[in-house]
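First chain written, first letter: the chains are A, B, C and D, and each begins at residue 1.
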Amino acid sequence: MRPEVRPWGQPMRGRLEEHVIDSRLLRDNPLGDPAERPVWVYLPPAYDSDTARRFPSIYLIQGMTGQVDMWRNRIAFRKNQPELIDDLFAADDAPSQAIVVFVDCWTSVGGSQFLDSPGTGRYHSYLCEEVVPWVDRTFRTLAERDHRGITGKSSGGYGAMVTPMLRPDLFGGLATHSGDALFEDCYQPEFREAARALRDHYNGSFERFWEDFRGRPALSRPGDEALVNEWAMAACYSTDEDGTVRLPFDLATGELIPEVWERWLRWDPVRMARTDAGKTALRSLRAIYIDAGTHDEYFLDLGAEAFRREVAAAGAVEPFFELFDAKHGMIEYRYPIAIRYLAERLAG
Amino acid sequence: MRPEVRPWGQPMRGRLEEHVIDSRLLRDNPLGDPAERPVWVYLPPAYDSDTARRFPSIYLIQGMTGQVDMWRNRIAFRKNQPELIDDLFAADDAPSQAIVVFVDCWTSVGGSQFLDSPGTGRYHSYLCEEVVPWVDRTFRTLAERDHRGITGKSSGGYGAMVTPMLRPDLFGGLATHSGDALFEDCYQPEFREAARALRDHYNGSFERFWEDFRGRPALSRPGDEALVNEWAMAACYSTDEDGTVRLPFDLATGELIPEVWERWLRWDPVRMARTDAGKTALRSLRAIYIDAGTHDEYFLDLGAEAFRREVAAAGAVEPFFELFDAKHGMIEYRYPIAIRYLAERLAG
Amino acid sequence: MRPEVRPWGQPMRGRLEEHVIDSRLLRDNPLGDPAERPVWVYLPPAYDSDTARRFPSIYLIQGMTGQVDMWRNRIAFRKNQPELIDDLFAADDAPSQAIVVFVDCWTSVGGSQFLDSPGTGRYHSYLCEEVVPWVDRTFRTLAERDHRGITGKSSGGYGAMVTPMLRPDLFGGLATHSGDALFEDCYQPEFREAARALRDHYNGSFERFWEDFRGRPALSRPGDEALVNEWAMAACYSTDEDGTVRLPFDLATGELIPEVWERWLRWDPVRMARTDAGKTALRSLRAIYIDAGTHDEYFLDLGAEAFRREVAAAGAVEPFFELFDAKHGMIEYRYPIAIRYLAERLAG
Amino acid sequence: MRPEVRPWGQPMRGRLEEHVIDSRLLRDNPLGDPAERPVWVYLPPAYDSDTARRFPSIYLIQGMTGQVDMWRNRIAFRKNQPELIDDLFAADDAPSQAIVVFVDCWTSVGGSQFLDSPGTGRYHSYLCEEVVPWVDRTFRTLAERDHRGITGKSSGGYGAMVTPMLRPDLFGGLATHSGDALFEDCYQPEFREAARALRDHYNGSFERFWEDFRGRPALSRPGDEALVNEWAMAACYSTDEDGTVRLPFDLATGELIPEVWERWLRWDPVRMARTDAGKTALRSLRAIYIDAGTHDEYFLDLGAEAFRREVAAAGAVEPFFELFDAKHGMIEYRYPIAIRYLAERLAG
């Protein structure tokens, strides 16, 4: 039997271009993270063979701690994401061709949730006001919201839900894989883990945690994930204008601090979808795709169901919806399913 | 090496009497559970040797699913609880002698939280108005609140915290091992597990769950523990007068239902301790003992710390407080430490 | 809905008698464990109602660390074993009535594997030459091997497999629930865990382990289970005449020591069943029952399958064989299934 | 605080060249895997700045399922391996400069163990007779065994142990991170998992497993890892000349098949180190580095200790030896420690 696995990559039928955007909006961001940002653009085979044609664009965003070069990470026996996308658009049964834009909104606390926050920087604006116009200027896109979609997994799925609700003028379709939603399900149970880790290892202090964390292999100690995650979310959801990061729980006990928690909930896609603005935005979309693994460690399958309900309650288009047998990780093979779905519905 | 383990029990130096109380208050309880209840009473060696003397009484209550005969459960290589208590009071360094009363507040949904509820029955009243008077009538107790304590683990620790806050006229001391406290830490994270289990196995219906559960070995399927636990707590904390059990979360998603959750929080020992009545009650106590394992699966170590803080904020007696290296189970060896503590402080 | 669970026991329809045997064979056993041993005997309803009748006897033996009084341990919402057996024989569809004998072969290293060993004592002989004759003298048994069976779980399942192979003149039927078998599957993987625990906590020394273990709550530290288990098995399988316990692995690395391991394998029921004596014994049995959980942590489902194969290869009676959806623990509800099976086949 | 993490790579101070070797020895390998193999070569800063100088070479090999492009996989918040190595050689306290050669010995069953086998191909010969000569021809190496080392992790650590024992004429130093060793500790316990997975999902057949595995996301089902791993090892250690892969266990039960297992043990580095050839080879080495995590899931810390003992017993050079607090994964930060160690000892 000739193995079907092709190791070490494969010849691309489309093209992957690597660019850098020197962002004005990210300059002087509060974390001091780089303002020069990589952007990768995948151009499908037809882009070069049919040079008069314009294409829909699909923005692909990443989960917590994602940096754009991680898209090339290879899992054993599997293809990486550019290979999977190239396979999709080069196949005999390829969907309508589309451009895929790999955006980087990494921050040194792990991520930005694709929002503007005094805790991290103006990543929502960077994406909407710098990346999108640059893409439309630089490539032959169909430069209208009806032909523009956004997709991602985990925090990237979160961004794919909230960005079109904030900017329905820019995006006409969304896809979320295991996107952060229903914050009491996905975030709150970690507060107690964070509190315990602070007590056991850092004398109750996030400052000590970060000092320790920065000086050793990242994510190598128990509690690291909860601590990074909750701090990062607070940096995105509940940071004061002066940059003070407010945690929504008592660091010693995990007890909820309702007024800070309320600030988080305002950014919960499920709650956003219940507002008038959210409903209106959802109703305007041409394509909505929702999936999650039934064993997701963050219970994002429940968040997916909750978001699906709000999509229905808003009277939006019938979404694609699937819960599949998997956990949170190792599901990169789901991306092309959503990209196909969006590409077909956002075509000219 | 002569082994120190003595298998199959040992001769008692004190006595354990087994009685039954035919409860008037539990008659016609909503679950149809038996109104005849076992009560065990441990009488220390001095009870028979010094027949003029009166003794403090310590009420020992159980965790979820506890039935009084489980006190005789033997863990490998270990003594059971009556043996441990007898060892305590028969030792050369025994504390001041006390009577220990093993109370049974089991229900067919797992427990009662030692409260009165239209969902389970009047177990708080049963304990305070039937068991306590019967004990004082039947045995040579020091029948004042200053010489009466209550202790337990898990839901029994919960009962040991709230019963004296509700009836400071009856109890002068309390001890809690890993007692339910800070409900967002100990209960809320299970809501999502319950929702997932209902979806995966019971078509979203608690009725189907209970029907299945009653017809097979109990607690043998994934999700059983979360489902039983959350139902039981709702039966105790948020059942309407007509017997309707209100769950504090959307069964399909785990989303919190704030108005029901608020009913739960009113029974959180940490919140109760912040009320005027709670503070006053705590200040009146002669002895407070708090412990928990640092790896407790329900994070009751954080609840212990939160309760400790409220005890301090109330201006109550300096409590015993210890977090020890253990999980939630297999910590029956902690009981005698608390019983010693109470016995010494509730003596005449 | 009236709950079907009946808490705190139930009235017995048969009788459970508790006796003590003052064993001559266990006197001066090498561990200094008690030679006075509890024996419980369950007499079914017909024993008292039909006083001329004689009954088959089924010997029920325990797993590692089992002491006879653990049979009364109650699992939440479940009946204990005497209640289950009484239900079996009092039911409308009760099998042919039988006497059930609860034998205790506990040792202070955890067990005896129901063998004679200079490391533990003469428990095989105790069972076969003292308990069996005493039962036949004391109760109205059908005192022939064709009406005598043996059953147990885990190490008790082991004993139920090997005892009839050693003494086919005494036992005519066997039942094993998750019995120790195929030693490379069930024991060997723990050697590495034992080696690591010795390295991490006891400076590589079993002496230090036992000293520590005897001075604190048993089975409360990581590695306890593997260390107790492997030592106990070595005490049973590979102890020299002078009492020296030989471990089958290098304590520092877990490397197998073939000559000691070979001594263990001679006691593997699967290997015993391949000998001429084993085959002959198996062929003589009237009833063989084998089951195990498909997720058994010790992979005793694989051992069950291996033993089943040898039973078939020996040309023995067609056995009952079932793998069910469970782990190793909490399967006490399987006992009555096997007891029914044996009772029906060992009847007069 | 300016974050110390530099996302998306960094400018290299040395150079990483990517080459392909068209292997004669891998042509027509039994799995039909590619004979054109990527080879990466890291040239340290001094290579270009001091063009007359020759350098030691360190061969870096991968664990099971490793393909050379995985070296660029990025873990959250961390540098990838080329970045770490470049940091090492560009630092103020850099060790003596060395060339690092990234070799690819991937196969479609997961790996080759860097051996010649009729089950996989001639990867040992490929490494020793094709890669090494090509490197020495192409780069300014110190082309003697005293200046050539080999290092890797897991199966790469295995290769780093056995390759110099097989070819002491070629390699003068070795480093193993968590290298496969003491096969009863690291492999054998998985046999039972493989047997169970075959029973539960593949009707007992490896053919069905591979058919299923090739048609879905790899490593996404329970049992995948054990099945791939044990098959791959059998392909390396116990394949007949005609290509028949012999598994060392009964597929239905996990029972060891001694004659096949014996073939495996002949390739155990611990056993190889006990042979005369092994001892002589080890004694000839200038540098030996051994480490492993104390919680390694494959217990390779015990294998490390066992190999350390054999190194000592052989009278070889005093090795570097460290057990550190980690599991098997996420320890890429250990590589530069070993490369530094080898670079210093293999210098001119």
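Just so we're on the same page, a contact is a pair of C-beta atoms (placed from the backbone, for glycine too) under 8 Å apart; a residue touches a chain by one contact, two chains touch by 3 or more.
Computed from a prediction, not measured in an experiment: that's the story for all the values here.
K.L.:
Farthest from subunit C by Cα centre, which chain is it? Let me know.
P.N.:
So the chain farthest away from subunit C turns out to be A.
K.L.:
Could you give the separation in Å between the centres of subunit C and subunit D, each centre being the mean of its C-alpha atoms?
P.N.:
45
K.L.:
Take the average of all CA coordinates in subunit A, do the same for subunit C, and state the distance between these two points in whole angstrom.
P.N.:
56
K.L.:
Measuring centre to centre with CA averages, how many angstrom lie between subunit B and subunit C?
P.N.:
35
K.L.:
Can you identify all of the chain pairs that touch?
P.N.:
Touching chain pairs, listed by label, are A-B, A-D, B-C, C-D.
K.L.:
Please output the residues of subunit A touching subunit B within their complex, sorted ascending.
P.N.:
Going by the criterion above, the answer is residues 182, 184-185, 188-189, 191-193, 195-196, 199-200, 250, 252-256, 270, 294, 299, 301-303, 305-306, 309.
K.L.:
Where on subunit C does subunit B make contact in their complex?
P.N.:
Per the stated touch rule, the residues are 1-5, 7-9, 31-34, 38, 64-70, 72-78, 104, 106, 108, 110, 210, 214, 217-220, 326, 330, 333.
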